[in-house]
Amino acid sequence: MSRLELLTPEGLRVDGRRPNELRKIIAKTSVLAQADGSAYIEQGNTKVLAAVYGPQEVRHRMQILHDRAIINVEFNVAPFSTSERKKRSKNDKYDNGIKLQTSQFPRSQIDIYLQVLQHDGGTLQACINAATMALIDAGIPMIDYVCASTAGCIDKQPVLDLNYLEESSDSPELTVAILPRTGKVNLMSMESRLHVDMLESVASLATEGCEQIHTILDAVVRDTTQHLKDSLMQ
Amino acid sequence: MVREADPSLNEKQFVLQSLKEGLRVDGRRPYDFRSLQLSFHSDFGHVQVQLGRTRVSAKVSAEVVRPRADKPTEGLLLFNTEISPMASPAFEVGRPSEEEVLISRTIEKALRRSRAVDTEGLCIVAGEKVWSIRVDLHFFDHEGNLVDCACIAAITALLHFRRPDVTVIGEEVTIHSLDQRNPVPLSVHHIPICVSFSFFDGGELLVVDPSILEEQIREGDMTIAMNIHKEICALSKAGGIPLEMDQIIRCSKIATTKTAEITEMIQKALADDKAKRQAK
Amino acid sequence: MDVQILSPEAPSKSNSHKNQNAMDVDGGDVQLVMPGETITSDLQFMRGHGTYLDSESTVISSVAGVVERVNKLISVRALKARYTGEIGDIVVGRITEVAPKRWKVNVNGRQDAILMLSAISLPGGIQRRKNEEDELQMRKFFAEGDMVAAEVQAFFVDGAIGLHTRGHQFSKLRNGSLVVVPSALVQRCKSHFHLLPCGVHLVLGLNGYIWVSKPVIGNPESTDEADIERTYSNKNDIIDDAERESIARVCNCLRALARKFMHINDTIIIYTYEASLKYPVKDLLKKDVVDSITSEASHKLTME
């Protein structure tokens, strides 16, 4: 099999992006009627829908925690999301590592449902971003946004926000989620091999991506909130 | 579900206070691993690893199967984890707990996704017959840090394992039994070693190879899988307290030295076992 | 599942960032903050709901919403969140469970509210200690699924809301239908029980549950045995077609207001109702009709 050229000699990537360029992000909140909070995010061709229910009464009394809320995350990948249309395991759980102030809701439960509608690399980061937006939309107190971004390394060149082609070509992929205010790392996960000396540069590129995403998400949430406030203050 | 009782407040305070003074309750220093013991059984690919009092046994077996349609020239590598209530009352029979799922995911990431085992070398007839290598991990005793222990057990068992030799003449495939021909080892590209960290006191304090008490008290955790070539094969930090990026970089440096130590130990144990077998 | 924006409509970009650096908490302009945003680093302020302190005692928002300040207390109110009660609030709830000596009531909060057996009025209007006999027939008063209007009386240690239904205006709800709106829309006002000119009775629960019904006949203040019996009755009165239509119209007006995310009080409901009379009830939730009746109502409101 001929190896796919992932970086042109001019330093452009398969989809024409520069190495440190994010894909286009479209985000919306309050997309679902029933959920307390919901969000839809597109990062390039990766599309994720998130819904948040709660805090609400705990469904199974056995699970009640007396000092904080329990958080349930269900993650589902639509079978039509990839070009191969294969069935994927349904209960593939991601611990989102979302930083909530759960101690404010004793004896209650927060459900987060994530649905990947289209998969083009970076599912985890899109899910984290969508869940953050949905939680904010539901008015659940959080320490800060949790913004996630991926970065990889192609031919010793750190690249930001891998798409499916780049992801599946055996290049390392690092997902980082940060709290933008303090810049602290909330989640970090890596697959495939990466030399330890490269870690720092790849991680800092991913962090940069997180900050860019934060700006985008913040603008969306701010606009939505402003709009709600305006209609209230009429 | 039986929820394990949390350690008492006094215990918590004691552990934290001593950590602040650079001491650990079991007498180790923050960056020390517990003693590691590897013992091999008489048959190939059966290893028991003891890390402190955490005990995991790994058994590798092989069978010939049809390859997957989308990857006709690749053999299969399967991992199966079995955590029984024998190890700790927190685990239940039948239903995999969240911890168990996380452990098997980390091990799969570290060993499969990093292509530690040459799966293409497991092909016998393309699209028809390939070897399916199955690693069964059994957890006997849980004194903390199951991941690292399981990872060491799995990779040692894979290194120790010998599969029956095969010859292909035209369409005909002959699998030679062990006494006919010497069995052949798997080709293992590199040896990924998991190193787990636990963080305390808002991420300020960290320890390597947490014991069960430290695991219960910790505020955050991270696992780095690395090989001797200083390549990170997997890294996972999900949830817990947020950390500074510098801290993570520092952990990766610690992991490098720990990986070298453990790899050396594994190779020595394997060499000893080989010598013992030849002496027989 | 079709993905579409239900509410709010696509936001306008125009004035979104104008308040970003407004540090002046006393200013007349309402300040909008996002999670993780610093509200003030002034040490004299205290943190309230929706905020937290970091190590340098800077007050930081934890929700997206508007900053509210009462003297030195700073809190942030999320515009779309579950109901958090305050003592004295009138709420509408649904019984979810009959438990020993208490009912659990869903009030759109983060956990079910509790209505103690001792906090309801008994038929006969007599004030007496509730005895074992009452405990055995709790379902005669409220059974699972019943709707009830109640007042927030107290908070339990774990944050659960304690309700009471003592008083003539609180009762089991019937003869009507429920409309659910975001709880932030319902404003606190003097009365939450309204008899509209169109002959429809409203209970505006502060938790966002609104009960629209035919008014109960009979003098509610009388302690007549028959009237009190009616408090716990499960039977609907006879409602004729005209009454049904006005109830449906009020319901749809409320839904229209909620869709435009506008504050809900009796005046705006009356204005919206009047504006809606041009259209048949079934058309009220069409997008252009919603736009037209709500803007007409809010215009009328500002004219005053």
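Going in written order, the chains are labelled A, B and C, and every chain counts its residues from 1.
Following the convention adopted for this analysis, a residue touches a chain if its C-beta (ideal position, glycine included) is under 8 Å from a C-beta of that chain, and two chains touch if they have at least 3 such contacts.
Going by UniProt, the chains are A = Ribosomal RNA-processing protein 41; B = Exosome complex component RRP45; C = S1 motif domain-containing protein.
Bear in mind the structure is a predicted one, so any value in this text is a computation, not a measurement.
Asker: Could you name all chains that are in contact with chain B and with chain C at the same time?
Answerer: A
Asker: Averaging the CA atoms per chain, pick out the one whose centre lands closest to the mean of every protein CA shown.
Answerer: A
Asker: Which pair wins on C-beta contacts, A-B or A-C?
Answerer: Top pair by contacting C-beta pairs is A-C.
Asker: Measuring between Cα centroids, what's the chain most distant from chain A?
Answerer: C
Asker: So what's the Cα centroid distance for chain B and chain C, whole Å?
Answerer: Result: the chain centres lie 55 Å from each other.
Asker: On a C-alpha centroid basis, what's the spacing between chain A and chain B, in Å?
Answerer: Taking the average C-alpha coordinate of chain A and of chain B, the gap between them is 28 Å.
Asker: Can you work out the whole-Å distance between the CA centroids of chain A and chain C?
Answerer: About 34 Å separates the centre of chain A from that of chain C.
Asker: Can you list every residue of chain A that touches 2 or more other chains, as numbers and ranges?
Answerer: In chain A, the residues touching two or more other chains are 179.
Asker: Per the contact definition, I'd like the list of chain A residues that touch chain C in the complex.
Answerer: Going by the criterion above, the answer is residues 28, 30-33, 36-37, 40, 49, 54-58, 66, 69, 101, 105-108, 136-145, 179-181, 218-219, 221-229, 231-234.
Asker: Inside the complex, what are the residues of chain C that reach chain A?
Answerer: It is residues 1, 3-9, 11-13, 15-17, 20, 30, 32, 34-37, 50, 52, 60, 62-66, 78-82, 96, 104, 106, 110-112, 158-160, 184-185, 260-263, 298, 302 of chain C that touch chain A.
Asker: Help me check something: in the complex, which residues belonging to chain B touch chain A?
Answerer: Chain B reaches chain A through residues 1, 70, 98, 101-102, 109, 113-115, 203, 222, 226-227, 229-240, 242-245, 248-249, 252-253, 255-256.
Asker: Write out the stretch or stretches of chain A touching chain B in their complex.
Answerer: Residues of chain A touching chain B: 62, 84, 93-99, 170, 172, 174, 178-179, 182-197, 199-200, 203-204, 207.
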